[in-house]
Amino acid sequence: MIFEPIQIEISQLRCERDDRLLFKNLSIKLESGQILRVAGPNGAGKTTLLRTLAGLFDIQEGEIRLNQQPLKEYLERILYIGHKPQVTKDLTVLDNLKFLTDVDETALKSALSAVGLKGYHDSLVKELSQGQGRRCALARLWCVDAPIWILDEPYTALDVDMVKTLDARITEHVANGGVCLFTTHQPPQQLDYQTLELGHVD
Amino acid sequence: MGWRWFHQWGSPRLFYERAGRWQLVCGWLALILLVAGSLWGLGFAPVDYQQGNSYRIIYLHVPVAFLAQAMYAAMAVCAVVLFVWKMKLADVAMQAIAVMGFAFTALALISGAVWGKPTWGTYWVWDARLTSMLILAFLYLGVIGLRAAIQDPDQAGKACGILVLVGVVNLPIIKYSVEWWNTLHQPASLKLTEKPAMPASMWVPLLVNILGYYIAAAYLVLGSMRAIVLERERRATWVKELVGRA
Amino acid sequence: MSIEKRMLARELKLIAARPGDIFKPMWFLILVISMVPLALAPDSDLLAEIGSAMIWVATLLALLLNTEHLFQSDFSDGVLEQWLFLDRPLAWLVGLKLVAHWLFHVLPLILITPIAGLMLSVPTEVLIALLITLFVATPALTCFSGLGAALTLGSSRSGILGVLVMMPLFVPVVILAAGVLIRATDGSDTLPLLALLGAFSVVAATLVPIAVSAAIRLNIGGSN
Amino acid sequence: MLEFQFASLAAFFEMAPHGVYVWPVYGLGLLVIGGLTWVNARQHRQAIRMVQRNLEREETHES
Amino acid sequence: MSIEKRMLARELKLIAARPGDIFKPMWFLILVISMVPLALAPDSDLLAEIGSAMIWVATLLALLLNTEHLFQSDFSDGVLEQWLFLDRPLAWLVGLKLVAHWLFHVLPLILITPIAGLMLSVPTEVLIALLITLFVATPALTCFSGLGAALTLGSSRSGILGVLVMMPLFVPVVILAAGVLIRATDGSDTLPLLALLGAFSVVAATLVPIAVSAAIRLNIGGSN
Amino acid sequence: MIFEPIQIEISQLRCERDDRLLFKNLSIKLESGQILRVAGPNGAGKTTLLRTLAGLFDIQEGEIRLNQQPLKEYLERILYIGHKPQVTKDLTVLDNLKFLTDVDETALKSALSAVGLKGYHDSLVKELSQGQGRRCALARLWCVDAPIWILDEPYTALDVDMVKTLDARITEHVANGGVCLFTTHQPPQQLDYQTLELGHVD
């Protein structure tokens, strides 16, 4: 599907945690079709920034607007996948997806085969390996149609093949008019992205 | 011959085949004994002069109560075998016995409680024997619950083994202390009094039924074990061949 | 499927995956109840006298302990924060979760109390009153303990905060329930007290989910 | 020794005055043993069916 | 520093980091005890009669519930598996942990019981007996509930399963303690029973850590 | 410090999980100074293999010997860092290290500055970012003197600088006569390692 045009405007964002200034005067504009990689050393505030953008962390100073509207009104257009597993260990792979997405089972199954979990839909998540668990969480990228993706270290624990698959999916998503923000410490080769460097406040 | 025979029982495939035959034998034997013993006890044994016809519950209650205790001991033996000889089949037996044992314990409790109504006028009193039976039921429940909580069968088996062993060491202490507790208070409530000696016409059918229930328990445990073995060995070639042939 | 249905379906699947979850509080109740005569005396008159109160306290405990971690695993798995992206108000989702919890976890607990009553030789009419009070009071108790659970989400091993906040709220419920039981023993009219209890439950069920959702939001904001 | 203790079959089933206690207990006993037998059989069937399903899946995989 | 000292130091620091951990069981005890008169009639004769038994049961529960997650967070953080690489037998480390737990979490609980006793107007001499039985019996209780905690480590939401599994094993302890309390009320000799209780504790403290370490090993083997 | 020579011998190892054969006939020899990278797609059994080698997962078939002795006798010579955080969230960085290592505070502090957590020794681990938490767990590599390192995805969540630092430390360790086994999905550039590919059983 093709998304309507989106505009994300971050202006003069500033954040402190534990008395450490993480960023200030942060202003960016993002539009449909763009990919933004948030980079920076450990503890620079990447996760904090992404969570702020997803509405999970309160804005301390500054403003975030989506299509000129305040963020709060747009939360259901956001797909956020963070550090945490985002899946319930005691449920099967399929049941996990069923709860968080509103598509039918065939779509879910095709999403699962896209992430290489084909024969696993009946396995409990706790019986999966680390990377397989991440794949299960990422499967939502194949079956939810939120235009704004916010992915915190999506490549963690993924093998080379899966990294490629994910890159392809992100490319497809922004080609459809979506936006993608992500962090990672290994610059992906296949993507065409802008970079925002954090961690250089004085 | 002895050891080889023992080890052959340890092989799932041989067990599955042999247990099938044994199960059949046990099933029919138990059926005959139980029908005979129960009819005898219900219809032909003389009426108890004190309790009237309500005493006929004894032909179910006592065998089942015996079994409830015996099966916990059997489970402990299985736990020892599991840890000492690492025999997987012992774990299978433990799993099967836990469920059957709990069923028989519940049956003993319920039959006793129902019997209590006409004899004592109440379903439940905190009598020593009743209390320790209740605790036995909880011990069984613990084993079943623990197994259900752990995904991996091997791991669950070992955890249950530890629990059963700790439980069986405690069981005599529990029984003793419950008895002591009961006498400590000298409750006004009734107790299972020492019965006068039964006439043979009463105890012979009881004996038949006791034997019948033991064999029925063996039948049930073997049946359950066969199912569990099949489930656990579902990837083994012998299971595939067996099912493929069928 | 609507979110409401998916939520219910998920709850059912969680139960199917861990059937123990339903039985554990019941089992706990019966175990605690059978400890009482062991610690006290096997004297059925004394037991009958304190029986209904014991059952009430034990049920309260079982409920509390079962609700204490209501949101914990979803929170630490990061599933709870996904609720914020669903197009329903958080308070509504929380309310649903509480209803599902009451249905699948509290109701079975209530239904087992007659057996506990039998064990302590509680008279039948008191037992019936007990059942009714539990029906009427548990919605409030569930809501409050859910609030306790939400408040303590952030602290890795939940401290006392949530629990301290909840304690005064349980007192009126327990007192009212005790009043009903005493009147049932006397044979006098229990309806006014039950109505009060019911009103308490209704108010709790409408207002507490809002507080719970605020508490959840708060804790999500502090986590990474 | 083997003498039927009741006047009639009806009296046997009534087992006055304790039929209401005795018969349900035996009924429950039957139910438990029968039920467990049924549960075992079902578990056995299910295990076999699972193996069969796996076999079929393997065959379709290979071809 | 030796491992023993480091273990103790860590325990102290954990307490400093989460002081709530110490107060939670105490609070629980007081809550349960204050619910009893509320749920019952405020009849002080009856309360005094059942008081010491209630306190025993409530303390037992508080201890159990507090020990239930003894190893949980270390297990899921992966710290517990690091114990296997220390050059001490696991059973010894487990024993240490249990001792530390008793010292820092069970002892405070015992020390609060006199207050609970005052609330239920338990006579002083019975209260003293109560304190002594708790001192003598809690090592066994701690060990067994530690075993429950270890056995259920693997299952993700075991809830109170560990408690449920272990509770029947506490029957002898509860009964012996009740015996001591009754004798203390009568004024007769409590020493033989206390000796029995003590023996039970000693045996538990020497043997149970081995079972606990086996259970821990088992659960580490199944996790990733 | 220089370690005594070590020899790890794995012979005919075989492992099945959940009825899936992960590896069989696995035989390797490792000696002082060698680095082994265990590679393979998600779910191949890398973690399982490393945990078996660390004695955390029971050997199902085959044998592992260290200097001709069974593994169990050598556990205290192993330093294992797995998927899990290996740190207690409610303790400070320093207290976490103090429990698991037996060195004095200055050594710990220098280890912490080696991993870039200099000003953080008094912070609670739960207040750290993902990568900082990993750094805290890895700090043990700088202050424990176990000859055998078993690291499961040590590079996860680390930034580029820290990856370099870690590589340097591993090189130093094997130069001193240590052995290092690790898994990762991003082949490290600075290291000189052998690779064991898992995930190709028939």
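Lettered A, B, C, D, E and F in written order, each chain numbered from 1.
The working rule: a contact is a pair of C-beta atoms (placed from the backbone, for glycine too) under 8 Å apart; a residue touches a chain by one contact, two chains touch by 3 or more.
From a predicted model like this one, the values you see are computed outputs, not experimental measurements.
Common partners of chain A and chain E, by the touch rule above, are B, C, F. Counting C-beta pairs in contact across A-B and across B-E shows that the higher total falls to B-E. Of all chains, D has its CA centroid at the greatest distance from the CA centroid of chain F. Chain C and chain E carry the same sequence, and matching their CA atoms takes a turn of 180 degrees, rounded to a multiple of 5.
In terms of their C-alpha centroids, the spacing between chain D and chain E amounts to 43 Å.
Chain B and chain D have centres, each the mean of its CA atoms, that are 16 Å apart.
Between chain C and chain D, the centres computed from C-alpha atoms are 37 Å apart.
The multi-chain contact residues of chain F, meaning those touching 2 or more other chains, are 47, 83, 89-90, 129-130. Counting partner chains per residue, chain D has no residue touching two or more of them. The residues of chain C that reach two or more other chains are 18, 20, 24, 27, 31, 38, 41, 73, 156-157, 224, listed in rising order. Chain contact summary for the complex, chain F toward chain A: residues 18, 40-44, 47, 83, 116, 123, 127-132, 134-135, 153, 156-163, 185-186. Those residues of chain E whose C-beta lies close enough to touch chain C in the complex are 18-21, 23-24, 27-28, 31-32, 35-36, 38-41, 46, 49-50, 53-54, 56-57, 60-61, 65, 69, 73, 156-157, 159-161, 163-164, 167-168, 170-171, 174-175, 177-178, 182. Put simply, chain E touches chain F in their complex at residues 1, 3, 6-7, 9-10, 13-14, 17-18, 73-74, 76-79, 81-82, 84-87, 220-221, 224. By the touch criterion given at the top, residues 34, 38, 40, 42-47, 52-54, 56-57, 60-61, 64, 99-100, 103-104, 106-107, 110-111, 114-115, 117-118, 200-201, 204, 216, 219-220, 223-224, 226-228, 230-231, 234-235, 239-240, 243-244, 246 of chain B touch chain D in their complex. Here chain B touches chain C in the complex through residues 122-127, 131, 134-135, 138, 141, 145, 148-149, 178, 181-182, 185, 187-189, going by the rule given at the top.
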